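Just so it is clear, A, B and C label the chains in written order, and each chain counts residues from 1 on its own.
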Amino acid sequence: MEPIEIGLWVTSFLLVLVVVGMRVAFAAGLAGLVGLIWIFWAKFGYSPDKFGKALTVSVKIAGQVPHSKVSSQALSLIPTFILIGYLAYYAGLTRALFEAAKRWIAWLPGGLAVSTVFATAGFAAVSGASVATSAVFARIAIPEMLAIGYNKRFAAGVVAAAGTLASLIPPSAILVIYAIIVEQDVGKLLLAGFIPGAFSAVVYVLLIVGIALVFKNVGPPVKGFTWRQRFEALPGALPIVFVVVIIICFVYNPFGGDAWGTPTEGGALGAFVVFCMALWRGMRWGEFKSALLETAKLTVMIFTIIWGVLIYVRFLGFADLPGAFSDWITSLEMSPMVILVCILLAYAVLGMFMDAIGMLLLTLPVVYPAVMALNGGESVAAADSAFGMSGPMCAIWFGILVVKMAEFCLITPPIGLNCFVVAGVRDDLSVQDVFRGVMPFFIADGVTIALLVAFPSIVLYLPSLAQ
Amino acid sequence: MAGNAAVLEDGSLISRLDRKLLKLEQVFALISGLAVFSLMLMAVVSVAGRNTMNAPLPGYVDWIEQAMPLIAFMGIAYVQRDGGHIRMDIVIGALRGRALWLFELISVLLILVLMLALVWGSWSHFSRSFDFAAPLWSRDSSIDIGLPIWPAKLLAPVAFAVLCLRLLLQVWGYGRAMVLGLDTPVAVPLIQDAAEQAAAEAEQLSGHDNDAIGGQG
Amino acid sequence: AATEWNVSVWGKRRAFTEHVEKLAELVSDKTNGEFTLNISYGGLSKNKENLDGISIGAFEMAQFCAGYHRDKNPSITVLELPFLGVNTLEEEVAVSHAVYGHEAAQKDLARWNAKLLMTSPMPQYNIVGTGEPRDAVAEFKDMRVRATGGIGKAFSAVGAVPTSVTATEAYNAMESGVVDTVAFAQHAHLAFGTINRAEWWTANLNPGTVNCPVVVNTDAYEALSDAERTALDSSVDEAISHYLANYGALLEKWDAVLEEKGVTKVMLPEAELAAFRATAADPIREQWIKDMEAQGIPGQELYDLVVKTLEDTRAGN
């Protein structure tokens, strides 16, 4: 059997394992190992006495992957970003942010909902994970919205949708994972997330204001804060600003002149600032220990998927499936833009059922080379490319699109993790309520994605400055 | 899709073993958390050293690469104990009773097969980098300051071996549940429906948040 | 039946991999397509683990650099000692292949079930920097330089501060002042973009280079038919010539690149170079020889071989 056929069989086997509920990391690792054994045994002509040799070689190849792949400086950003998020809870940053946002902007129509979006966007600048962000704001923002007569479905929808901002606005664990898989500059990708993240937030805000203007009972404005009260709310939120400035300045210095260091250093220093803040707010060993354990759990979970999937990817390398898929995609008689839109739609469907990180890790090794080939290759110049951008820029643009798709999937039924989390926090809300409430935001996300596809400069403006 | 589930406990042998192993797993996970913290400290030392004394941490990248396996592997059994590794539970979540335990049993057995293979493979990876006859026992060193890599490589088979122990316990736990037809077996993570599970996660987070806020009035 | 070899290299196709591409072409031609090399850029292994892959039998041929993992291949790190005095790519080929032919190097690599086939000659590393050109050894003091291995040690001997950043972060590190200077071969200054950030480049510092052999799995090599083995062995010289011609073209363009980017070419006076060599070369070499002899590797003999080969090559020209 040809390696490519083996590749397709093993990929189907993997999908079956995932669907029947095997843990994704191990399903991918097992599929990869089985695939390697198959490929090597086929290479040895399936002779029975050579099976042992095929097994040994494959096990040793697979056994290299975990250590080899996790020993990476770029990957060290993931645990750092997760730690920042957990420490931020202890530092009381979430409530401080919401309070500040409320006092400053809740006078708008749909005011508290708008404040929630802004506070979430602010928190996204220290948190790398969407689900955790929704969980926190469900606790803080929903009660206040209900207290002044918000529609409860709408309130829940706002929180579920706003949580997705955490993965576009840096720091973002998922953008780092994308950068690692496709071997692109992490710093530029993080930078590229800023404007689309802020842009998504603005689209959400416009939608909320529009809804509040049409349906008067949806969200009354909150007025009457004095300027004194407004300024008093600011100091609590300042560390966020500080962390954001540090991270930006370590990636690219907007004040002119040199950046201050590397992105890795920026992430770690951001964590340090939040850590000091948490200490100052009274964090003790017990809480610190829980923060470390929670960080360890989430990190290990992500890393296990990473190396598990990379065993499968190593097998794909031996089967040369990415090359074959890329040849197939580029041979299609359709315009590259139509193919790209089809790929994004496929992600929307897949994302209804799959977890974001698992989805990216499983698909990107095959899809990414195809998209790059579609644009004209890794080192194509903007003038000769299909999408009007150079190879490295295309990698960044596609990364932001894919991450936005993955975030969209966090709020789509039947498996929309953010919605489950919000419903889980509130006894008076069912998952169906949250899914109903979040529906308007599908439109907002659809609009955002369409605009990011149509106007790539929204994504590429900042990274191109950092050239 | 993912997340934690409840593990029940009682006085039976399997449950006592479960809790003993849990202690070890927790220590490993805490080491992993401390290693994350050390990443942060290393960056602070390196940046501060560079900017104040023109003395960045020598071999900063090498040290990070050494710390990463600590972070990535040590907690793996701890997460498996609570059923925390991500999976898709649409199908398995619809099953009840013996059918459910059968699926779970097959699934853990397959993971056990994989992990036994990986203990072998990662041990072989380690042993290629280790040589009693060489200085510092090192047959593989880092690019910048030449740190021996074998200690970091050794972490993989060690952490995977602990995971194998955990998987053996779960094979026993699910097997027992299937044979005896139990509803709520001990020592294995029980599926919660997605909403219950999200509630548990959110509870945990908000608990933290309230404490921190409450502490400040 | 047809013989298919998998070859593990990394990155993208570039000057550094042209000899492997040429080898594949020649071998296939000479055997009428019976013996083919499938070159994979990063799909089969991480670059630092190519020797492991050879040892396991995961693939039959691979490229790696000695400095990635000195303890895996101590003997050939002789070729990465600072200030060996190698001036041209041809000389680099000659000294590398002389060392590869030495029993100690072969024994060293035999532990990985690997047989040294050919080198990937790299020109001498030189540094690019920002700010005022540094054209005296005294000016290297406190300079933060991205340089690994023997070259890093050489700089640290004259008071510079070797700073740890990955090759892919080198550009960022330079932009952000994490490092003042970066040491690379020309093709890497282009590939990692450090030349775009540079204000000056040292044309004659020549502190040393890295050594990146191509090896084959011994069992696979021995399992080749006579015709296949002849096809492979006889293609090495031609593959290397192709590499040299190709890299030579790149070096010829280099001056134009410098001019286009407005980079000053810094020539250090001979007295300064001599001072640098005296401070850095001798102690590092002596320490290296001592360390090797302690492990039972004939360090002195390997070093003498390099010096002698260099003399012979020059005499031959």
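Methods note: a contact is a pair of C-beta atoms (placed from the backbone, for glycine too) under 8 Å apart; a residue touches a chain by one contact, two chains touch by 3 or more.
All figures in this text were calculated on a predicted structure; none of them were measured in a lab.
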Answer with line, ring, star, complete or other to describe the graph linking chains that touch. complete
Most central chain, Cα average position: A
By number of C-beta pairs in contact, which two chains lead? A-B
In angstrom, rounded to a whole number, how far apart do the mean CA points of chain B and chain C lie? 39
Computed distance of Cα centres, chain B from chain A, in Å: 22
Multi-chain touching residues of chain A, meaning two or more other chains, are 60-61, 64, 68, 73, 261, 264-265
Touching two or more other chains - residues of chain C: 48, 52, 56, 165-166, 178
If a residue has to touch 2 or more other chains to count, which residues of chain B qualify? 61, 124-125
Can you name the residues of chain A that touch chain C in the complex? 53, 57, 60-61, 64, 68-69, 73, 183, 185, 187, 250, 253, 258-265, 314, 316-318, 320, 322, 378-379
Within their complex, state which residues of chain C touch chain B. 48, 52, 55-56, 67-72, 111, 142, 144, 148-149, 152, 161-166, 178, 291, 294-295
Considering the complex alone, what residue numbers of chain A touch chain B? 17-26, 29-30, 33, 59-64, 66-68, 70-73, 75-76, 79-80, 82-83, 86, 89-92, 94-95, 131-132, 135-136, 138-140, 261, 264-265, 267-269, 271-272, 275, 278, 281-283, 287, 289-297, 299-301, 303-307, 353-355, 357-358, 414-415, 417, 420-425, 430-431
Once bound in the complex, which stretches of chain C touch chain A? 6, 12, 38, 40, 42-46, 48-49, 52-53, 56-58, 165-166, 168-169, 172-173, 175-178
Name, in rising order, each residue of chain B that touches chain A in their complex. 1-2, 26, 29-30, 32-34, 36-37, 39-44, 46-47, 61, 64-69, 71-76, 78-80, 84-93, 103, 107, 110-111, 113-115, 117-118, 120-125, 152-153, 155-156, 194-206, 208-209, 211-213, 215-216
